[in-house]
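Accompanying notes for the structure given below.
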Amino acid sequence: SVPKAAAEEIKLGVIYAMTGKGSALGTKQMDAAKLAVKEINDAGGANFGGKKVMIKAFYQDTETKPDAAIRKMKSMINDEGITALVGGTFAHVSLALNDQSRRTPIMFCATNGVPEEFFEKEKKGPYSFSTMASGESVGRGAAAYITEVMKKKKVAVCLPDYAYGHGALRGIEEVFKKNPVDWEKIMTPVGTTDMTPFLLRVSDYKPEIVSMGQWGNDAINILKQAYDMKLRDRMEVFFNWIVNVFATGITPEALDGVMCQLYWYHNMAGFPDQEVVKTSDAFTARYKAAYGEPPDPYAMSAYYGVKETVRAMELAKSTDPKKAYEALMANPDWVSAKGPAKWRVDGQCSYKYYSFIGKGLGPKDRKDATWDYVKIVDAYKGTSFQKDPKALGW
Amino acid sequence: MIESAIYGLTIGAILYFVSIGLSITFGTMRIINFAHGMVYALGVYFFITFLPRVGGNFVISALLAIAAAIPVGYAIERFVIRRLYGESLDYAIIATYALLLIGTDAIKWIWGTVPQQVTEPIGISFRFFGGGFPLYRVVISLSALVLFLGLNLFFRKTVIGRIVIAALDDSEGVQCLGLDVNKYFSIVFVLGSCLAVLGGILYAPISAADPYMGHDILLIAFAVVIVGGMGNLTGTFISALALGLVIAITGRYWSEAADTMVFAVMAIVLIYKSYKA
Amino acid sequence: MNSKADVMHGIRPAAKGAVFRDMIIIAAFFVALIPVLAMHRVTDFMIFCIFALSFDLLYGFMGRLSFGQVLYLGTGVYASTLFSLHVSTNPLLAMLAGVLGAAIVAAALGLIVVKLNEAPFALTNLAFNQIGFFLIGSTFQKITHGEDGISSGVEPWGFMDFSNKYFAFCFVLFFLLFTFYMLTRLTRSPFGIIIRSIKENELRVKFLGYDTFSYKWITFTISGALAGLAGTLYTLYVQFVSPTFIHPLNNVEPIFAVLIGGAGNLYGAIAGGVLFMVMRDSLSTHVPQWEWILGGLLLIIVFWLRQGLAGFVRILAGAVSNRLSLRRAAGGGSQ
Amino acid sequence: MADLLTTQRLTKNFEGLVAVNQVNFRIQEGQVTGLIGPNGSGKTTLFNLLSGLFTPTEGTVSFLGTDVTRVPPHKRVQMGMARTFQLVSVFDSLTVWENLVLSNIRFKTEQQSLRNFFFASSRRKDIADDCMSSLELVGLESRASSVTSELSYGDKRMLEIAIALSLRPSVLLLDEPLAGLSDHEIGEVVSLIYKVKKNFALGIIEHKISKIVELVDRLCVMNYGRIICEGVPGQVLCDPQVRECYWGKEDNKC
Amino acid sequence: MLDVKEIDAAYGRAKVLHDVSLNVNRGEMVFIVGRNGAGKTTLLKTISGLMKPAKGYVSFEGRDTRGLTAVKLARLGMRYVAQDKKVFGNLTVRSNIELAAYASGVAMPSAIERVTSIYPDISKFMDRKAGGLSGGQREILLIGRAMVGSPRLLLIDEPTEGLAAIVIEDIMRILTRMKEGSEVSAIIVEQNLSVVNRLADRIYIMKEGKMIREIADKAQMTDTSEMENYL
């Protein structure tokens, strides 16, 4: 049942992985979402055409399991009557939530990387959207940067053997079809103890560059072990998508000189576009004041997930998912910490800077041993990052 | 191939460290000790905490962490496991799993969820087949060998292991000889805990410390112990090396299946053992 | 000394209607839970209870602790989902496919694992579970979509529409009662005594002339099929499946549920299933870091509530009836 | 008299220890065969080979005219061979009564349907009656609904005998059935055996030889894995070799 | 040296010993007889500290043993040999003996000597798992194990059960020797009256959890007809 328009309060579900594998990241996302809610409520609530409406948020744990997440989502809809849900730590969980949001239509903002099929017309929940890029985009961005900017001809692709990695692989394949190179893929099991067998394969192939895309501990393991094996002496390392929660666990030596693609970085100093530096710094400062440490890129995404969901309702002056979603699509332009952004018809967001390119900092270059892990050197500006909505059935 | 095999042996050495403690408690006390994973992770966090306070000295910090784990191991044995001897093993499984849950949350609560860096203490790689081969791994492999010999000597020279095995057959019988069963169980369990910590500390520089590190390692460690034969010190050593090779070689040709292959080997070994008997 | 009449009383057959009475109580219990927990959740919990029952047969009655029961749940889930996507969208046929699939896998693997005991049994099952997880999540990724998961293709058929929560509730309740009925009959029969005696001393059972292998195999297969039944109900009810349904780490869930309720007791499995789910559900809702509380509760169960809920209730009932009979005796005296 | 159970050159090795060595043993129809010998002489091992607990290193076992050397224990029981264990082995966690259901029910299911086996209550009357009569045989009826672990050692022995009897064997092998019983109970058991011994052939291992000499028709003596003497009890017990190994050198009275 | 004072003992709710009293003097060999289920085993368990009496107490060499565990009592020199022939089946025979030697601080050779003096053949089994021993061999190992070192009080539950006559003779010989040296006292539960007659200094008869008679008179002891009434 859809609640009446102009309800007393906005009932917002927030769901991240608080336990299980995703919890390192999920807790940061949750913090950021809470910050957004708090900011809005501290300002008196959302603005429904002059009328102030408070947010009542329900925070839930996905346990990093799709079925648990669906269970929680159902209960928030049935018991609490939420009309919008923000969340998602790991891709498969968001995909499941999206699927559920087709069955019981509510607004769903996935704030993490999701497979591209999420946005296909057939598959997307009617009011689902995402502040983050898809795994495929990440792959495309990396592959395009490697071939177009770095001009490499022989590439090893070393990705994790699960949803996110397969998505990235699809993206990479597409780009490599367009810009032919020699390449080989090596898939690594998730949560594996030792990455050396795979690194040996990489090194056997003798590529000019290896593009890695592990996540969490696997990312730490593979970068550290690559360093131990002196892989960097023989090839460049490009890391597809890096975030604070695991970048800070990598020893500085291991990250030194690694090229990284990032959704965003909390310290954009040195980036030519001063506008972006300013918005970034502002967000970082606010987050730091609240939690005492710099925000993770995914935290930023979660923060804007809440903000945009609420903005949609403000535009529609209603908590009704359909009205809110349509209002959002009708007013697609907004500004995020990473610069101007625009909603697309398929629920994806196209940012002015799709992704940033950084260079890993070694122990000597760091001002803060933990948090200063990369220096932004460039941004990916090409267009092949996101698929055209037409290709997704729109 | 040779390169893979050599890496495989170093993986095996690491597996040996993380599973030998489990093997000892498993073999003597017949407990599938999930808390091993918790002590393993906790020890690494102790280590990280001590490291800056002792001027970054790896060895001293490791010794402190092991020392700090002794009371933890003792407390687990004294207040949880001791109450379950002689009862169905299943309860021990549940209780130790409960400890794993509690410990993991305690770690999250104290040190946060984000993985922590652990820098490798040696940091030297030598050239090998045109690539780099970290000296640290050589050191680990040699230490594994030393530990293996040391444990063998320990259990051969002392009656501790035998008392524990005897107590499982007939605890009252041991008591009636005037041997305090509990004391020996504690010793063995604490020893197992210390080895868990040692395993964690040696492994952490290769990866990182995070609250779930104990979960990740447990299943593979179980496989090592099972393949080697519960509590069989030599068996554990050989099976750790063999499974290290399995991981390395499978990883080379069918990377996704590397970990699963360990379980396949484990299933085959178990089935073979039981059909032979 | 007991008189012969007393002895016969102790072993006389349970009243005919007892099973049906119990089924009505169980149904009433779940209906009564609806206002407390909301219908969708009760439905969900009931599916889990079926899974817990399947595990209880294997563990509580036959004494074989498996770390791989989730494999059969997952087989049920994936067999029914893939069937619905590729063969027929009929829910009943999908269920049949799921249950059969799980039963076949259980029967095939049972031939191997049933010969094992204790830790080797537990861990071989775990190994198979891990392999199954790998097959679903990685090898057959083309058809299962790996970690991403897939939506089931089951469509409403006649009145069978699973997005109707009333229907879903009744449907699942029906299967829960069906499972309960089957298992009650099974465990009270001579077969039930045999599997319980296998739990204690299998060798001795052989020397009573029973081919223990086949009894173990039958039990294992039934247990697998029932786990598969729970899996197919998940497919129908959740409609989205992913490899978490077959993840080896989830094996602790039925173990906990059965132990909470009291192993070897069907009511216990149901009560434990509900309690475990309630605990998990409400803890994870109200406490951000909740697993340690679960851990603490489990310790309490292991140490102080060994017979599980069932035992607790029995002790309570014993105390109450003692009190009553005392009062009656006192009352009788005064008259 | 027909041989029900015979062995030919039966041998069992335990890592170099020859526990049973080239034994030709037989149990004849309608007879009670006693088996005695010093400790560790291989009596129990011989029974274990007969009943299928161990597979022999060499030699064969035939039962009712068929070679059963490779036949698993449960099949042998189904063919009519029952045994008890030297260290009592009953189901401690079941009730006394359920212990007997286990041994009684197999015949019922052979006669009746599978449905009865899987779905009918194990407490139905026909089974209950059988179990009660088995219990009455050994005087344990008052403990029918006790959990077996609560029985004293001697009562467990009685229960074990009741279980064996209710298997309705054609050959029954008893391994020290009198151990742990008081004289009074030994009397009861012996008279019980007298009562039922016409129904089957009996093999009995016992150290309390005086209690069974009356009972046995034939006595075999084992030492170091071999049968060193066999025949009617009176004769066998006077054999000097037997007296030496069993009672010691100084003992000469016969 | 041992005084059992009016003890009650129970398994859960089931009370199986009622007001049982008994005493043993130094160097004395006391036998307990009684039918199955009379509570003999329970009595020995209670004395050895494995079970706690519900009422009454046991004093050993003048010490009240309430609050002492079985381990402590064993250290004070009490050795209990249970009825169920449980050896440490997963250890070798040698290790079985070794543990006893370790516990009582005796050198291995003399410990092995103790056991082989009862049953010389055991030396053939030294490096085999004790789980593979025959019933009689187990009993011998258990008794031998209990005698390693210098126990003060032996509590033995049916020692001759399952033993061949020749071994019974050996055991009796050893017990007689011990008795003569007054090194050790013993409480032995026994059903074999010929053994009882030859060794007993005193006999207690138990019935249904009660101590119903004590026979101290040698003449009465040899007249088994009376005792047989209770067996």
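Here the chain labels run A, B, C, D and E in written order, and each chain numbers its own residues starting at 1.
Everything that follows uses one rule, which is that a contact is a pair of C-beta atoms (placed from the backbone, for glycine too) under 8 Å apart; a residue touches a chain by one contact, two chains touch by 3 or more.
Quantities reported herein were computed from a predicted structural model and do not represent experimental measurements.
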| item | value |
| --- | --- |
| Neighbouring chains shared between chain B and chain C, ordered by label | A |
| Any chain in contact with chain D as well as chain E | none |
| From chain B, the most remote chain by mean C-alpha position | D |
| Which of A-B and A-C has more C-beta contact pairs | A-B |
| Between chain D and chain A, distance of the C-alpha-averaged centres to the nearest whole Å | 74 |
| Geometric centre distance via CA averages, chain E-chain C, whole Å | 48 |
| Centroid spacing, where centroids are CA-atom means, of chain C and chain D in whole angstrom | 41 |
| Shared interface positions of chain B, touching two or more other chains | 108, 256-257, 260 |
| Multi-chain contact sites of chain D, meaning residues that touch two or more partners | none |
| Chain-chain contacts as defined at top | A-B, A-C, B-C, B-E, C-D, D-E |
| Contacting residues of chain B [partner chain E, same complex] | 159, 162-163, 165-166, 168-170, 172-181 |
| Chain B-touching residues of chain C, taken from the complex the two chains share | 59, 65, 112-113, 115-116, 118-120, 122-124, 126-128, 130-131, 134, 138-139, 248-249, 252, 255-256, 259, 263, 289, 291-292, 294-296, 298-299, 301-303, 306 |
| Chain E to chain D touching residues, read off their complex | 11, 14, 33-38, 41, 83-85, 119, 121, 124-125, 128, 132-137, 140, 158, 161-167, 169, 191-193, 228, 231 |
| In the complex, chain B residues that touch chain C | 26, 30, 32, 80, 83-84, 89-91, 93-95, 97-102, 104-106, 108-109, 215, 219, 222-223, 226, 230, 256-257, 260, 263-264, 266-267, 270-271, 273-275 |
| Chain B-touching residues of chain A, taken from the complex the two chains share | 20-21, 23-24, 27-28, 161, 186-189, 191-194, 196-198, 200-201, 203, 216-217, 220-221, 224-225, 228-231, 233-234, 244-246, 248-253, 370 |
